[in-house]
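Following this line, the structures themselves.
Here come two complexes built around chain A, the first alongside chain B, the second alongside chain C.
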Partner chain A sequence: MIRFESVGFAYPGSGGRSALTRVTLTVEPGELVAVAGANGSGKSTLARLADGLLRPTSGSVTVDGVDTADDERVWDVRSLVGMVFQDPDDQIVGTIVEEDVAFGPGNLGVAPAELRERVDASLAAVGLSALSRREPHLLSEGQKQRVAIAGALAMRPAYLVLDEPTSMLDPGGRRSVLDLIDGLAHREGHGVLHVSHDATGIARADRVIVLESGCVAYDGTPAGLLSDQAMLARAGIALPEIGVLADALRALGARVPEGTMDAESLVGALWP
Partner chain B sequence: MALTLTDVAFDYAVGTSLAQPALRGVTFSVAPGECVVVLGPSGSGKTTLLRIAGGLLIPSRGDVTVDGMSRGARRVDPFRGAVGLAFQRPEAQFFAATVGEDVAFGPRNLGNGDGAAAAESALELVGLSPGDFAERSPFTLSGGEARRAALAGILAMSPRYLLLDEPTSGLDAAGHRAVSEAIARARATAGVVVVTHDAAEFLDHADRVLVLQEGAAAFSGSVRDLLADADRLEAGGAWVPPEHVRAQLLARRLGRTTSPPVLDPGEAARILFASGGVT
Partner chain C sequence: MRRGVGLGNYIAVDSPVHALDPAAKLGIVSAFTVGLFTAGTFPGLTLLAVTVIVGTLAASVPISAALRGVRTVSLILVLTILANALRWEPATVALVRVGPLAVDGEGLASGVFFAVRIVLLVVGTSLLTLTTSPVELAGGIERVFAPLRWLRVPVGDLAMTLTIALRFIPTTVEEADRIMTAQTARGARFDRGGPIARARAYAPVLVPLFFNLFRRADELATAMEARCYRGSDGRTQLRESRMRPADWASLLVAGILLIATGVAL
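Moving on to the complex of A and B:
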């Protein structure tokens, strides 16, 4: 598992202003953990600590028992944890899409036949098979975001850290990436840390952690968070219209379960 | 006065094996005081359209005019000072040592004194208090704060036409509200074009909506007509409506209601509840 033990972090030159303070959390294989919080609350810092890109100023981060601060084991950590950054341009290096996806596993020395198979499977998983020979700079931002996810998948990591991976996707793309994330954790057994502002994404997690000014303000179920107006406000999450609609229906006397965030379940609850 | 695109087409990578059309003849205009929302799937040409409207790309066919002037008709660039374009990742354009200087750069270059006053009010407008943020390095901001600071840099130039590419992706709830209010205020004097996937949020502002699909207009008209046409657009893959609108479409397909979908969730709840048989 990924384990944060009382982690503190301050960026160099920040005058000691802490980005994270005493954060303790775990992500187990097969578990989907969402991280929410207002802008500047420390979400991306937490994501970068999870795969050893940053090292804690105090406390420790371990992945399957390996300390991310251990210089000797840094490559072990990197191969265990795949990372998808907020801005896909930060990680796209290939001249065409499939070459970019092949870059990571190619560097791990994966044999050509398996490499081909991994690239095709990863592109299929994100719905980009048809664009495999396109130049990345000719893709839309939403398409690039999916290339970045495919690149991380092709590494076959045990854990995935996704920093707002759906922020630039269209609603159809968002739903398919959320389905993909769900499957990665619950069908394929990856441990997934999903940083998100989006209530529909958060609703599908096993557990949600809310950061507030670098501290853990909530650690519990999505339904518990989504029905707690005050905590939602502290987390900087706006209840989407479907949630407002569900609340309004409940106020009228309809039986709609807490945490209902998609049209099919809402209509299914109204007319079973 | 208007920013007008007439039958505009654009192809990327012309003359190579990767050549692909991004726009195939789109007509569209926005006048000061109007807000046009542009929707469409990833890769449908939304960003290309905005870059053409901002004068960054020259269309391979068709005309672009700013208040009647086209590029080349005068020696002066008609886009300069008139059209402000905020990129999807606007924080990529930071360069100054502090947020305050960065935001002041635009108005200062347009001859608006040292730009400090314009910068201060623009920062207020996006919900970043100048006292807390003006002296910070833009490179120490979080993703969402950076997005807002970059938007302030565009607003500080008071453009007549404001073009925004996904202005709220990556923002928290307070950021969404700040951007929404900034648009409402900018719109008192400027024409605003918003490219977005977040239709629920921006349709409230919209006078008109353009839905792009594979580089062509799949829909162009009012919000009311868009909602009335939602079934066709969804079936054709041009638009996935927000979930609360989809719930209403679904209820209608099941014969539970005959009402066309509405944007207001409270009103939608009343319509669905009144349609009968609700558990």
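Moving on to the complex of A and C:
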């Protein structure tokens, strides 16, 4: 379990202005937790704290009981938590896709035979097996993002922290990456912390946390958040058109469940 | 589809030369280069030329690709031949005379000798980059220089730095391109004025470019840390290259060739 206990964090040189204040949350294995919030609300800071890339100024962050502030064990934390950053160009190290995916497990000293097996399995999991010998910079943004996810998966982490992995994708690419994330949590049993700005990403989480100026402003179900217009506005989340339509139909008395986001469930609700 | 910038001139095909260990290839190219500069006669040069031709055929790369480098040095070739062949009178054995200029037979021979040497050098070394991907090359360099570890030179980290530099060349080119397009859209001209004016036009490109590169370097360092990079000790790689009998044999042949050209010819 990733556990934040009353975590506070201030960047050095920010004059004591804290980026996070008294944040408490947990991510269990098999659970998909979304983190939302306006720009500068502290989402990326939270993601970096979960991996021990930043250490809390107050409170504590533990991963399966290991404190990220423990110098001796910070590498244990990093091998337990796989990280995917927002811009794939900033995290791809290899000049060939499969060499990049092998970078993380290679750092863990995984033997070449197992390394090969992990690379093939991770690339298959993100649907990129056919592109394993390509140069990453010749791929599309969505494919690069998948390479980054495969690179994290190849480390066989118990937890995954994804910082806006779909922000550079078109709706089709976003949908397939969201399917992938969903499967990683609910089928493969990873604990996933998914920083996401958009309603379709949030709708598929088990739980949503909204940050506002570094404080937890909402912690509950996606349906609860998506039907709370005031909170949505504060978090800067725009409902997709289907969501707006669903709200309008509900206001007219149609039996549409709160938090309906996509056309299929809307049709299903209207004509069961 | 957007076409990115390719890395180097590597041609990905399967051939015996591609399959050679990059470290062995580096050794062979070094032996070849030393042989080229110690060879003092045309027979020696011919032996090396035959080696290059056999290597090019075995590598199954297009001849045009192997010769591409020669075009860039063609001016140097012409100058080399002219500088050696042309004499003011009196020339010892003048072949042709044009006014006060004379073409010297011996000079012409040595000019051609130097030119052939340059061609062989260019084609021979480009065979290395044509048949070895940048990552393999960096790995080969790491293994060739591995003994320097005893002198506390961080060979592995240097090889990693080299790999990352290679990885970021296309990204940097694309970024420069994007910034230039943006500046052009705001009315910047990169094709006007003298050399100083042109160089100055690039300042608004270089400043954001470097700013972005530093930001990227910082982000990349964080990402590498998140992926558990702790220096090259104990790191494993997908392709563990090891010298096989074929590699040792090719290296041996290259060594014998070097001695043959250096001592005998």
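FYI, the second predicted complex is superposed on the first by the 272 of 272 C-alpha atoms of A that agree within 3 Å, B and C clash if a C-alpha of one lies under 4 Å from a C-alpha of the other, contacts with A are read in each partner's own complex, and residues count from 1 in each chain.
Note that a residue touches a chain if its C-beta (ideal position, glycine included) is under 8 Å from a C-beta of that chain, and two chains touch if they have at least 3 such contacts.
Note that the coordinates shown come from a computational prediction; the quantities given were computed from them, not determined experimentally.
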Tell me which partner A:87 touches in the superposition: chain B (first), chain C (second), both or neither. both
Where does A:104 make contact in the superposed view: on chain B (first), on chain C (second), on both, or on neither? second
Under the stated touch criterion, name the partner, chain B or chain C, that contacts more residues in chain A. B
Examine A:2 and indicate which partner it touches, taking first as chain B and second as chain C; both and neither are also allowed. neither
Once the structures are superposed on A, label A:174 by its partner contacts, choosing first (chain B), second (chain C), both or neither. first
Now for A:241: first (chain B), second (chain C), both, or neither, which partner does it touch? first
With the two structures laid over each other on chain A, which partner does A:200 touch: chain B (first), chain C (second), both, or neither? first
Report for A:138: first if it touches chain B alone, second if chain C alone, otherwise both or neither. both
What residues on chain A does chain C touch that chain B touches too? 87, 89, 135, 138
Touching residues of chain A toward chain B in the complex: what are they? 11, 13-14, 37-41, 44, 86-87, 89, 134-135, 138-143, 164, 167-175, 197, 200, 232-233, 236-238, 240-242, 244-245, 248-249, 251-255, 261-264, 266-267, 269-272
In their shared complex, chain C is touched by residues of chain A numbered 48, 51, 53, 75, 78-79, 83, 85, 87, 89-96, 98-99, 102-112, 115-116, 119, 133, 135-138, 151-152, 155
Chain A-facing residues of chain B, complex: 12-13, 18, 20, 40-44, 46-47, 88-89, 92, 140-145, 148, 166, 169-176, 197, 199-200, 237, 240-247, 249-251, 254, 256, 263, 265-266, 268-270, 272-273, 277-279
As the complex stands, chain C meets chain A at residues 3-7, 12, 133-135, 163-164, 166-167, 170-171, 174, 216, 219-220, 222-230, 234-238, 240
